Amino acid sequence: MTVGFGLALRPPTGEDLMKTVTKSIFAASLMLAGSQFAYMTPALADGHAKCAVESGRISIVGNEFPAIQTVGKGVMECAKDGVEVKTNLTADHQKINVAGMTGNPAEYTSAIVANSSIVALMNDDLIRPLDDLVAKFGGNLKPNQLVSVNGKVMAVAFMANAQHLVFRKDILEKAGLTPPKTYEEMIAGGKKIKEMGLLENPLGGPYAAGWNLAQEFVNMYIGHGGEFYKAGSAEVSINNEQGVAALDMLKQVASLSNPDYLTHDSNGTSAEWKAGNMAMMNMWGSRVEPLKSADGSTEEVAASTDIAGPMTVGGGSIPATTLWWDGFTISKNISDEDAEATFKAYMHAIRPDIIKDEEVSKQAVWLLDGYQPTDAAKGVFAAAQGGAKPYPMLPYHGLLHSALGAELPDYLQGKEDAAKTLADVEAAYNAAAKEQGFLN
Amino acid sequence: MDAAARHRSPALKIFSALFIIIWLVIAAFPFLWTFWGSFKVELDFFSKADWMNALTGPLTVLKAGSPFTGEGYEGAWIQEEFWRAVLNSFLVCFFVVCTSLTIGTLGGYALSRSGFRYTIWLLIIALIFRALPQMTLVSGYLLPFFEWNLWGILPTSIIVLVAINQPFTLWMLHSFFEKIPKDLDEAAMVDGCTRFQAFRHVIIPVMWPGVITTGLFSFLLAYNDFIVTSMLLSKENQTMVPKIASFLGTTQTEGNVMFAVAAVVSATAPLFVLVMFFQRQIVSGLTAGAVKG
Amino acid sequence: MKHKTFFWFFLPTGLAMLLFIALPIVSVVIQSVYTPHEQVIIEVENCGPFGCTKATTVDNEATAALREAQPLGRFVGLDLYFNRGHLATQEIAASWSSSASIGEFFSDIFNLPFYRALAFTLTYTFVVTPLLIVLGFVIAVAVNNLSTWLKGPVIFFSLLPMIVTPLVGSLILFWMVDSRGVLGAALQYLANDPGLSLKSSTPLTWIMLMVYGVWSSAPFAFVVFYAGLQTLPQDTLESAMIDGATRWQRIRYVVIPHLMPLVTFVALIQLMDNFRVFEPVVGFKAEAHATTLSWIIFNDLGGETRLLSSAATTSVLTIIGIAILLLPVLVRTWRDFNAKT
């Protein structure tokens, strides 16, 4: 009761205080808050947001980027007598979350996932429907934060991401170009910049063989209006006109990119960008902030880096990009008490207040109530408004993504033609899908 | 050996010296480059414009006011608390080396002194054991370790690293023990020692060059391991290498590569001390003395 | 040594290996002949922050029953070993009957992931292993002749390629060989070709990986040989010198035979490690040009949907490959052993 009251009265300065106090002292003072509320000095009592968890075990696994670190810290605030809180935020989360949620009781009461990685948990039946918890404790959530499958809420999203156009204002101006709306315009612009001698390799993007390249194909294929599977089944069908057109467009972009493009993941692409070697690229919204800040880049590049919504391709109307969310799920194999504790802790961690802190608000495109898009977030918003599709949340799509990543470099290196490459992708996918039991 | 025996032709001497110098340049250049570059900003050290920037650091001057900056070190050690990972690494390495050598010397000694045919089979089986890719091994551990609540803690990783490295340790120590003449311990046993007493009083004093070399490799294995420690340790128990990996960023977010570079450089310093300390043990040629005695 | 004594001496190490390696190997073999049960897929509507879409999902209630009945999954025997991701017997047979020339047949084969990886893995193993043994030996002999006070620092600097974490080591080298990096620029200057890029050419990427392999493993051979040189029987060496043996003859007839068991040891370990090569492929982001068997396993385990059975199959094939590779050395060890007893 008192705790909930505290939350409502919490002034925004609490977040700043939290940063200055080390974790252990903070946990101790929270314990104090729980057991000896009456004796606390008014300053401290006002200084904290209260977490409404009274008992239970909370253990979270997830990726480690800043926005998730913020959520993790918020969850840690719930630690006190009788509430055990652990977070394990690591880039290897996907390798351990299935194993860590399989036992009964599961080691992890919750995993933070994205729309691509939730399927691994759903395929193995490791996460529980959240409808009752949302109804009881989810008052602060917006309806569009709820991710439902077959009518049941399986995850609660708190942030969004997408790839979109990043461009250099100064170079486009010099070449007399406007920011391209389509890939065809981008290619034409790139050629012009190259001919004018402004840049040797004006285009680029995360085209590294493997996951990144497969992601670019997914974007491009969706932009061409392609369907990955025969309706309602796991039967792949990408060896078609749209597939060939998508590959062709990838090759056109590649021909205007640095010759090492097959080794450029998003880190490598960002480095090229910061060095001022590129004029246009399709890049993750979450990576724009460091490109635009003079701290992480050179003054010249930072000042003239700008973003716009994603491009379309081949005369299509759907942008050639995919929308992504990150959110939390709750384990099936844990007690209801722990599930409730975990859910409440998240409600504390992603309460809409957190984005009042400017640093936190810059960390991601938050889906929380009251979020005002920062300058770096307008690309992702444009993608969502432009009718971009979410990345396919299908049980077997990860297999296709892996197959694409492994087979596409052959085409881009000119070792084989598009039809042969697409046939190879299908064959690789079929072998994997058969093994996993999706195909017979 | 006397001076006359060491005499070599000048041409050979020059060639030998030249070779060592070239090798040292090849071996150490990337590290020295890294050491120098760790005091620059990322855009200089990983310059995509001109590699000379890594030497002169024009952007470092621009951002930090001088051609050298301790930002990477400050970020890694203070902001990211790299010392925790150093501490964990130290614990893991220490226990891996001790355990590995203790059970390895016992096993290796037994294998070298038992003339029965099963010893060679045991050695061959151990070698085949080593052939299994570590990745498969580790992903197989995950489920049972989570089930038994062993996941995430240092002792589990230590035991796994010891076990994974046993085939190597056994083979290496076995070949070193083979070099120690059997007469030594057998004479002691004739004098009334048990096998273990003979091992303790006769073999242990002369086995150090082999053991230290093997220990060095066990140490490097534990120190450099990424696959086991990144998948079996929770975030707060992380050792240095996974911690460094976490500085590098992911597909969707930018990392801080200079933290990683600074961390790598500072993590190499203790090894320098270690090698300088133990190389005397390797050099001193204890075994040769023992053979004569 | 008595059986009983041997048993107690060997017990701790044997137990560790049994629990942490032998049991996992058994489970890997089992995993490679079972696959997940058939998935019952249903059409559903998924809703999220970006609206609703028609999609499919696994019907967990329906599959629960299947799981209950077959906890290990479906038994498929050796199917996985022969599917396209592994030995691909069907694809090879089809290509054999359809391809017009032997060249076409081989290009079909090297288009299959397993054989493509095998080709690089074997090339890498057989190029890198002998080179690093020779290099390590020469360094060991040269360092052994240095004066004592120089030895310590030289040993340390010689170990650096092995000490610096491959993760970051390859990151820095990867930058160095970039066409604008210090080594890449030097090569462009030497080759007089400003467009030269190591990273965009398959043969150059192969060479780069192999040079890295020799560079990073030579210190291992060096340290082992160097330790071996310390146990060199001085009286044999001296009597050889009294007999008037030249320096080369002494190396050839005294030093090398003395180090031979260590050469065998280094060859065994390095053949195995090179056959399992993995980190440089990831570190140098070379997968477009060169893949290895271990990389295939990594790729199977690293996707959004983890192919556990496929990874297990590749692992078993790797073990078999290594066993075949080591056979000559093992037979030799076996003969030596028999000769002794």
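Here the chain labels run A, B and C in written order, and each chain numbers its own residues starting at 1.
We take it that a contact is a pair of C-beta atoms (placed from the backbone, for glycine too) under 8 Å apart; a residue touches a chain by one contact, two chains touch by 3 or more.
Keep in mind that what you see is a predicted model, and the values were worked out from it rather than measured.
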item	value
Per Cα centroids, the chain farthest from chain A	B
Central chain (distance from its CA mean to the mean of all protein CA atoms)	C
By number of C-beta contact pairs, the top two chains	B-C
Computed distance of Cα centres, chain C from chain B, in Å	18
Centroid spacing, where centroids are CA-atom means, of chain A and chain C in whole angstrom	34
Chain centre separation in whole Å, for chain B relative to chain A (CA means)	37
Where chain A touches two or more other chains, by residue	95, 265
Where chain C touches two or more other chains, by residue	178, 301, 306
Residue list for chain B, restricted to those that touch at least two other chains	46-49, 139, 245, 248, 257
Contact set on chain C toward chain B in their complex	1-3, 5-6, 9-10, 12-14, 16-17, 19-22, 24-25, 27-28, 31, 138-139, 142-143, 145-146, 148, 151-169, 171-173, 175-176, 178, 180-182, 185, 215, 219-220, 223-224, 226-227, 230-234, 237-238, 241, 247, 261-262, 265, 268-269, 272, 276, 278-279, 293-294, 297-298, 301, 306, 308, 311-312, 315, 318-319, 322-323, 326, 330, 333-334, 337, 340-341
Residues of chain B touching chain C in the complex	1, 5, 8, 12, 16, 19-20, 23-24, 26-28, 30-31, 33-34, 37, 46-51, 54, 102-104, 106-107, 109-111, 113-117, 119-120, 122-124, 126-133, 135-137, 139-141, 159-160, 162-164, 166-172, 175-176, 178-179, 195, 209-210, 213, 216-217, 220, 223-224, 226, 240-241, 244-245, 248, 257, 260-261, 264, 267-268, 271-272, 275-276, 279-280, 282-283, 285, 287-288, 291
Residue ranges of chain B in contact with chain A within the complex	42-43, 46-49, 59, 63, 139, 142-143, 146-147, 149, 151-152, 230-231, 234-235, 242, 245-246, 248-255, 257
Contact footprint of chain C on chain A as seen in their complex	94-95, 98, 115-117, 119-120, 122-123, 125, 144-151, 157, 160, 208-210, 232-234, 259-263, 265, 268, 323, 325, 367, 384, 388-390, 392-399, 401-402, 405-406, 409-410, 412-413, 416, 424, 427-428, 430-432, 434-438, 440
Contact footprint of chain A on chain C as seen in their complex	35-39, 41-51, 53, 55-58, 60, 63-64, 74, 80, 83-85, 91, 111, 113, 174, 178-179, 195, 197, 199-200, 202, 284-289, 291, 299-307, 309-310
